[in-house]
Amino acid sequence: MATLGLVEYQDANPEVRAVYDDIMATRKTDSVTNFWKAIARDPATLRRTWESLKHIMAPGAIDPLTKELIYLAVSSTNQCHYCIASHTASAQKKGMTDEMFAELMAVVGMANETNILASAYRVEIDEQFRSHPG
Amino acid sequence: MATLGLVEYQDANPEVRAVYDDIMATRKTDSVTNFWKAIARDPATLRRTWESLKHIMAPGAIDPLTKELIYLAVSSTNQCHYCIASHTASAQKKGMTDEMFAELMAVVGMANETNILASAYRVEIDEQFRSHPG
Amino acid sequence: MATLGLVEYQDANPEVRAVYDDIMATRKTDSVTNFWKAIARDPATLRRTWESLKHIMAPGAIDPLTKELIYLAVSSTNQCHYCIASHTASAQKKGMTDEMFAELMAVVGMANETNILASAYRVEIDEQFRSHPG
Amino acid sequence: MATLGLVEYQDANPEVRAVYDDIMATRKTDSVTNFWKAIARDPATLRRTWESLKHIMAPGAIDPLTKELIYLAVSSTNQCHYCIASHTASAQKKGMTDEMFAELMAVVGMANETNILASAYRVEIDEQFRSHPG
Amino acid sequence: MATLGLVEYQDANPEVRAVYDDIMATRKTDSVTNFWKAIARDPATLRRTWESLKHIMAPGAIDPLTKELIYLAVSSTNQCHYCIASHTASAQKKGMTDEMFAELMAVVGMANETNILASAYRVEIDEQFRSHPG
Amino acid sequence: MATLGLVEYQDANPEVRAVYDDIMATRKTDSVTNFWKAIARDPATLRRTWESLKHIMAPGAIDPLTKELIYLAVSSTNQCHYCIASHTASAQKKGMTDEMFAELMAVVGMANETNILASAYRVEIDEQFRSHPG
């Protein structure tokens, strides 16, 4: 059903297989998800997307579980059904409990409500928020 | 400039003042931001919105700083200029460093990219993501 | 600042003037707003957009004020700053009171919140909503 | 399929049952829809969301049918499939005819088109829309 | 499943049939797609939408294939599942290869990422982009 | 005003300067725009974003001007003001005429309208669009 079809491991060329191998090794799984198989017809996009994602989701100033919560918050706001399903699973795997999911969604829902209210009421940005010590 | 104007403390009725007092006490500040003043012409919405926000952003299974990062992730995805400005400040106040901001934005940017790719490539949800132990 | 500049009445060709005249006659005003002047460099788009809008916003099964409230609800959800400003004014001209504006925004805010929650919680459509007597 | 599963009446605790009872009494139905069952694992969010919705959708300066049309306009703009299905049904129950649905959608479609055009053509807000008698 | 049902050719009135005939003649096909059948209960919207689309998608300063790529870029950004499916097919029919699809999506994905980054980092518009020779 | 401030060339470290040099050489300009200066506080994001963008926007199966039109179509749909301004300029530099801009916007506006209509009318995907020769 994916537009360009899915590239399975056994049919993949060496460049694609190398990315698949790295995904499985990094994630400690023995298969790659449909997202990667769907974009693999374009090996350059596959490699670029994976390299970026791997780098961005690695531990840093923000821990991996929090990064997954943020990813799920964005996917929920965009209502990307595939991403909601896959990142809910990723977040659960990294430790998100049902209680955390519910709190996450409460924040996401509220943010979506107040975002619209702020723009619709035409609220001017407060003076104190205009300069940044950065 | 706000559609219904801003309700300043000295002009507010007791119901609005009570909410303003609670906002300032909860946030340990001596003023309320324009968002609250802009919706205060409708005291019921003011009270309801504040009560919900206060409850949702309180410490729980997710800590307050992480909740602010999530709020900023949603506001960024929605490109709400007021909310980006005010929640960047809120997050900084709660401990977000420049490094954390940069990592947050890297995750938010990447999530927005892959959300669109997943939908546009028409990727089917993997079997493993369809059932939930919930 | 508009990308193609604004076409003022005195500089407009007869085709554009005819549309401007119809806008002013229909709206009982003596000027056209910037939106129309900005798209007037492309007279075909100007005419098509105006003819569609005029037809759609005319009294029908839904009254003109309600149509303006709906227009403002969409513009708020999309956070189109120009459209929020202009359609708030249009709705006020057709009878929207401050109380109606506040109620409108409460509905719009709540709808934006629950839209995201429904998708993020992956709620299945109830059986009863799947068939339509239409 | 809902992420946290659905909480059925017979399995609900007293707090959740109280909300379900109020939903059924208010809506004059003998069951609650999946949306409520899906968020009920988090009773606080269930109660807060229902109390807000009940208050907002009640008769006021805007009548209940018009509020449903506005809700459907937002849900359509956000392309929330669950919400489109459920609020189309709610609006029909409150009196929306097929003709009204078609007119509603014509307005929603047009607003989405002109919202984008106004921003993409970089139209400046007219002087007359900048100040508000509020 | 469409809200107002689908209007099939044999059940259509002369006004609807005339539009269907024009769609089939213009597209050199012997059937019309569900989108047109779904909005045909409102013949005025059907005619207006088709006339606008026919005019807009015709060869002009931009060629028809490029217009289809643009249509698909917008549909992907909005995550409209029906539109992604139908416009992927339309674009393929007009000459879009798999390689072009992959490049199109790479641009669309990147644009969605940088759009959010530009707003979230609160980047000011460069002086050089503020005036237009237009 | 940018959240983390702008990194000017003279203040940049060698890693950032190398990216700036490559941007200016690739684009044949003698300065970099604010977007790059705003994300340069995070050199890794700067480098990754630029490398991706450079690769994606290079000539391929789709020519550079068409890629710019697609970028502007997405930026318009997302209503990213910075991106609309900068990519309108980029597209003009690569050959976009006023007539092309107007046609582009007509397609973008129409796509945004029909995207919403297709979802709001709950149109089912035609059988013929479900399988792909891919």
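As written, the chains take the letters A, B, C, D, E and F, and residue 1 is the first residue of each chain.
By definition in this document, a residue touches a chain if its C-beta (ideal position, glycine included) is under 8 Å from a C-beta of that chain, and two chains touch if they have at least 3 such contacts.
Keep in mind the model is a prediction, meaning the values are calculated, not measured.
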Neighbouring chains shared between chain E and chain F, ordered by label: A, B, C, D
Higher-contact pair (C-beta pairs counted), D-E versus C-E: C-E
Chain pair repeating B-F, as identified from E-F, B-E or D-E when over half of the contact pairs by residue number coincide: D-E
Most distant chain from chain C by Cα centroid: A
Angular offset of chain B relative to chain D [C-alpha, multiple of 5 degrees]: 180
From chain F, the most remote chain by mean C-alpha position: D
Chain A and chain C, separation of their C-alpha mean positions in angstrom: 34
Chain centre separation (chain C, chain F; CA means) in Å: 27
Residues of chain A touching at least two other chains: 1-4, 39, 41, 49, 52, 77-81, 85, 88, 98-99, 102-103, 105-106, 108-110, 112-117, 119-122, 130, 132, 134
Touch-based graph of the chains, sorted into line, ring, star, complete or other: complete
Contacting residues of chain B [partner chain C, same complex]: 3-4, 39, 41-42, 45, 49, 78-80
Of all residues in chain E, those that touch chain C in their complex: 1-5, 41, 44, 48, 52, 55, 130-132, 134
Residue ranges of chain C touching chain B (in the complex, touch as defined): 79, 88, 98-99, 101-103, 105-106, 109
Partner chain E, residues of chain F touching it in the complex: 1-4, 33-35, 38-39, 49, 52-53, 56-57, 60-62, 66-67, 69-71, 73-75, 77-78, 80-83, 85-86, 88-89, 97-100, 102-104, 106-108, 110-126, 128-130, 132, 134
Chain C contact footprint on chain A (complex, rising order): 72, 76-77, 79, 81, 84-85, 88, 105, 108-110, 112-117, 119-122
